[in-house]
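In the two assemblies presented below, chain A is common to both, partnered first by chain B and then by chain C.
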Partner chain A sequence: MQLSPGLISAAVSFIFTILILSYLIGDNPLFRAAIYVFVGAAAGYVAAVAWNEVIYPALVGPILSGSAFEGPVQGIAVGVPLLGSLLLLFKVSPRLSSIGQLPMAYLVGVGAAVAIGGAVLGTLLPQISATFNSFDLVSAGVSGADTAFMFFNGVVVLLGVIGTLAYFHFGATQSDDGSVHRNPIVNILAWIGRVYIAITFGVLFAGVYMAALTALIERMDSIRNFFIQLIS
Partner chain B sequence: MAEITCPMCGKPNPAELAVCQYCEARLKPLTDELSRSQPPIRPGEEPTDVDTGQLEPILPQWLRDIRQQSRESADEEAEQPAAEERGDLLAGLQSQSESDEEIPDWLAGLRSEGGQVDFEETPGDDDDLGPLKSMLGEEAPLAQEGEDSPLPGWAADLDPDETEPADRDELSSYFAEEAPGQTGPQTPASSPDLGWDADFGTESVPQAGSTEDESSFDTELPAWLQDAGQPPSDEAESGLPAWLDTEKPASLSEGEVTTPSGEGGLPDWLASLGEEETGETAPGQDTESAIKSTTDWLASLEDETTGTASPQEPEQPAVEGQVPDWLSSLGQESPEEIAPQETEESAASADLPDWLSSLAEQSAPEEELSTDAEAVELTQETPESEPPDWLATLGEAAGETETLDVELEALTFASDLPAEEAAAGPTFVDDEGQPISSEDVDAIFSMDMPDWLSDAEGMAQRDATQAEAEAQADELLPADLPSWVRAMRPVESVISETEGTSPEDQPMEQHGPLAGLRGVLPAVAGAGLSSKPKAHSLKLLASEDQLSNAAMLEKMLAEEVTPEPAATQKMVLTQRILRWLIAALLILVVGVTVYYNPQINPIPTSVPLETSVALDYIKNTLPANAPVLLVFDYEAARAGELEAAAAPLVDQMLTLKSPRLSLLSSTPTGSGLAERFMQILQTDREYARNENFINLGYLPGGAAGVQAFSKNPVTTKQFTTTGEGAWTSPALQGVSQLSDFAAILLLTDDVETARIWIEQTESDRGEARLLVVSSTQSGPMIRPYVRSGQVDGMVTGLEGSAPIEQSNSGRPGMARRYWDAYGFGLLAAVLIITLGSLWSLVSSFQALRKEQGKG
Partner chain C sequence: MRIVAAFVAIVTGLIVLLGYFVPAGSLLELRLQLVQWAAILAATAVLVGVVSLLGVHWQKISTRQKNSAYSILLIISLVTTFLLGLLGTNNPLISLVLDGIIVPAEATLMALLAVTLIYASVRLLRRRADSMSILFLGIAVVILLMSAPLPIGMFPGADVVKWFINEFFAVAGARGILIGVALGALTTGLRVLFGVDRPYGGK
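And now, the complex of A and B:
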């Protein structure tokens, strides 16, 4: 029998699949060994990818080839990342970690600005607009959609949005006898929102299960292919 | 029954107990009896004789040593005539005088036996306390001569009622002893260091009568000075203070002064005095600096006496403060009574230390000391010696008399003088000769004097009354505690004494809100009880409600820390078996289905709206050979699902439109997954790298990286995974920005990753369509973006890709191969969940019935 790369890959895949499935009997060395191999392989792979696809082409390559010194733009494009990288290396030492605060502050600041801007402009406002557009019966009529269904759909969406927001509203008023009561309307909307949230979690759970089931099926298919290759 | 509360444990004890019966703590202080018997010393009171034997343990070691030594030498002292009782302070000094090796220097001088002043030793000895020691050393013989008195010898001698003549002052006797001029034949006569006292006698300048002032001054003088001014008697040595009285038998004429080395036993105040004396007598030392170190009270006295000095102009300027006042006064008072007399022992005095030689001259024959006619001839000018300045000043004040006979009584105070002489003039006058007031005189003597000097007269009187009664008592009869010893007592004893006094004895408050009350404030600031405070009960006075609330709170807190009972082994085993059963069921169902691939589960023909939109775009709208960006942002664990979900769509796209694919990933593992995905698509297709597709690899930076790539993809990602220039390859021809791509197909299993790409590329996509292939778990969260129009189409999981694959002629076939297992797996899950829910429901009903049956 000739060991082809495919067969070897299939065999390794089969072995590690069995090792991972051994977790059914509880935490055991076989499972931990497989986990360690996966973690190590992933880390090594990530490091290799970072070097091959980021560090060398963007930092080391221009310096070695001299392209980083062709002009100020190229110099800045290489010098600033290099300086930031060197400063970040000081984070290794607890005593000198403060030196790496500057690039860290830059990264955090940029990341926060990008995330907030994207969330407001890319999610919040468009989603609010989409909620309003659910009642755009004119457009629905022009496109030939069922306006009644569109209206119902819009009501369901709006009720779900308001109900979910009301559920996370914890404001209340204090009555004369000292007891604290939620506003009745808010209380009803919160109850509706709780129903929506429950349905959402149910859907997410179903999606997780179906994703896991698909992964299991893929693994079973892989094992089947391995045996087919092994037999053939 | 009286009880005493224990200060330690707070429990009551019978009054007769001295130690707590519970904690064995002492209930009564050790000094309690003494403190009751002895009222506290108050300002202005003299200490009384008390039995201090009980206090011996708390005495300083050196005092106890003295006492012990005195006891040991009791027999020897008994043999000595007229053994003198001493106070506790000086008890044992006599016995110590027996041995030079055991006594300190300052006590060595107290010896009277063979009290020869050895002046030879004085200059050469580093202990220059010789003069003082010699003075003190004469006490012993006097003590032997004195009566048995509980008082210190010097105090007893001060007693005017003594049978011994008390009318001789200590200095007169001192000078009388020195007068014979027998001192120091061994002392070099030419010693310049000892010639400073050659002029000592010259200070006794005849002075106008001042007996009246002196009489008035006598009442204000310190006791010892007043006693010194008592009329002299023939037995002057017994009437002097012991430490001065002993000067007489010191046998100065023999010229020997015992100067034992070492000052180990010397009290500080005497040691300092000795140091001062040393400075005065040490050869070659500056006498001015030494004299300046004399005590203030002496200096002030010297000032006064200088003012009363002879009207003659002194040849040398007076150096104030350099002369001990008592010496200066000696030379200036009673000048009239100083009979001029040629000295006969000038040569002899030159052999002595000057000041001692002058003293010797003053002391003269002992017979001359007893009356006014007795005088000491002092030599002022001694060529061989250079007097210190302060004595030179004295000499000048004495009117530059070369030799003066100093009448001893003139050296005393007005009380020693006849009334006529006392009325002749004031004792103290100012520089202009005007008499100073009694207040000024008070100011002169308003210095801190040692206790033993502060009230010597009163002590002498009291001791005299007790002398007879205690004559037969032990020579170490307990005397009254000196005030400094009392000050060392524990504070508790003082407080107990204060508490023991009656309210009438307490001072009345004169001011403030406490005016009119007695004994409400301690007499001494800061004197508070230092004992343990009284114990108080910690039991709270709480109502029933408070106790119930406290119990409730306590119960709640106890429940918080109470661990929950561990699950029984039976329960754990059941759960494990149930888990194994479920796993086995799913593996069996899926495995068998996959292995046999029956294809009995039909694929639905209808697809979701977003999937149909995506499929319609690929079939109808996507231009042929258009650049398409494929983003692989999922983890390897989800590769099976994502590959099965995306493969039909991409395969159909490649089949229909042959787009130029650009592979990109914002996760490090994405580039590898992209290569794997392309291998699936190229099983039966020629799709060349860099020609038809290009792998741009990993895009770092997360959201910032995505935004950067959206803004400027050329500079953000310049190279492919193989290190080649990306944007010059045929796959990216005509693409310089994100909107140049015809479509962006995002393969993701994470909502956050999808949201980043949706948010960051929305403004830069232009006409490019954004299609999403998502995992089943993230599909519901991405769907709102589809409904809002931010995502043009979406394929979710296997149920979305199966219809596409079916419409794509079953290519690549993954969905179909998985579909049966997928369906049976879902069915198995539904059955498991249903059975589990029924089991839980039945169990609940059974538990409810049991509870109802019990009820």
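And now, the complex of A and C:
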């Protein structure tokens, strides 16, 4: 039998599949060993990708090739992230980690701005406009859709969206006797929201379960294929 | 240092945010440059995180803590994979690590969910069998039955039931949750930009 790279890969894959599936009989040393190796390999791979795809071409490569010294623009383009990266390395040491505050602050500032931009332009505006598009009965009438049904769908969806948001609203007022009460209207909307959330999570649960089942079938198939490969 | 850090976070954040909503030529270029630098710093932060992970496990080994044998495995696999990765992410050895360890381990962990989710569902019904739990699991079972190709074939009207649940209820709930999450992200981001929250270390 010849040891091809495909067979070695299949053998390692088979061993890891069996070791991790052993968790089904309970937490055990074999499962733990496989998970530690997996975490190490994944972390090492991520670090290698970060080095090969970002750090080397953006920082190390331009310095080694000399292109970073061709002009002030190129110098700044490489120098600023290089300085930030060097300062960030101090985060490794607990005593010197405060030196790494500046690049961290930069990362957090840019991250916050990107999060705000993404939240407003990528989620809030599209989702709100999609909710109200259901009530665009003029366009629906032109395209020949059943406007009454579309309106009913729009009302049910709007009620669900408001109810779901009301469920996550925890504002309350304090009455004279000191007891805390939620607004009764918000309370009713929150109850409706709970129903919608339960249904939504039920649908999501079914989706995740189907994905997990697909992965299980794929793993069983890979075990069967390994034995077929071994025999042939 | 704290004030300088807060100043850096606020100024860079505001420039990037302005670049989103006022897409003028030079502002847009500045935003792209700032985001590009942030990507490089994020990659360095990944390396710092990996070194920190190595440090934690090295300490576990050097102080001979319980289960430090697993830490040896972690360090060996981490260093080996990183060194192989330095040869290029397309070399056959790193492909062996990917196809032999990383991808199968991820897929098997996903496969374990098929069992643990059933276990969790049973526990939910045992511990808190209220109307919402029953509705949640009932909808999950209905969607699964309506989606799976059963030996008797698909249930009659399965597509209509699935469409009704998805288009009327699941879309509304998901939209509400997404809007809530976006509002949360917006609030958290604004708190950082106003200097109220300083997760980078300046209290």
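We adopt the following convention: the second predicted complex is superposed on the first by the 216 of 232 C-alpha atoms of A that agree within 3 Å, B and C clash if a C-alpha of one lies under 4 Å from a C-alpha of the other, contacts with A are read in each partner's own complex, and residues count from 1 in each chain.
Rule of thumb we're sticking to: a residue touches a chain if its C-beta (ideal position, glycine included) is under 8 Å from a C-beta of that chain, and two chains touch if they have at least 3 such contacts.
Note that this is a predicted model, so its numbers are computed, not measured.
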item: First (chain B), second (chain C), both or neither touched by A:119; value: both
item: Chain B versus chain C as contact partner of A:164, first or second or both or neither; value: second
item: Residues of chain A touched, compared between chain B and chain C (which is higher); value: C
item: First (chain B), second (chain C), both or neither touched by A:221; value: first
item: Contacts of A:210 with chain B and chain C, given as first, second, both or neither; value: both
item: Partner chain in contact with A:198 - chain B first, chain C second, else both or neither; value: second
item: Contacts of A:130 with chain B and chain C, given as first, second, both or neither; value: both
item: Chain B versus chain C as contact partner of A:49, first or second or both or neither; value: both
item: Which of chain B and chain C A:71 touches, first, second, both or neither; value: neither
item: First (chain B), second (chain C), both or neither touched by A:110; value: both
item: Shared chain A surface residues [contacts with chain B and with chain C]; value: 21, 24, 42, 45-46, 49-50, 52-54, 58, 110-111, 114-115, 118-119, 121-123, 127, 130, 157, 200, 203-204, 206-211, 213, 215-216, 218-219
item: In the complex, chain A residues that touch chain C; value: 5, 8-13, 16-17, 20-21, 23-24, 32-55, 58-59, 77, 80-81, 84-85, 88-89, 91-92, 97-98, 101-124, 127-128, 130-131, 153, 156-165, 167-168, 193-213, 215-216, 218-219, 222
item: Interfacial residue positions of chain C with respect to chain A in the complex; value: 1-2, 4-6, 8-17, 20-21, 33-48, 50-53, 55, 67, 70-71, 73-82, 84-86, 88-89, 92, 94-115, 117, 132-133, 135-144, 147-148, 165-183, 185-186, 188-190, 192-193, 198-202
item: Residues of chain A that touch chain B when the two form their complex; value: 21, 24-26, 42, 45-46, 49-50, 52-54, 57-58, 110-111, 114-115, 118-119, 121-123, 126-127, 129-130, 133, 157, 200, 203-204, 206-211, 213-221, 223-224
item: In the complex, chain B residues that touch chain A; value: 576, 579-580, 583, 586-587, 590-591, 594-595, 636-641, 643-644, 668-669, 671-672, 697-698, 700, 702-704, 707, 718-719, 721, 723, 749, 755-756, 758-760, 762-763, 775-781, 784-785, 787-790, 797-799, 817-818, 821-822, 825-826, 829
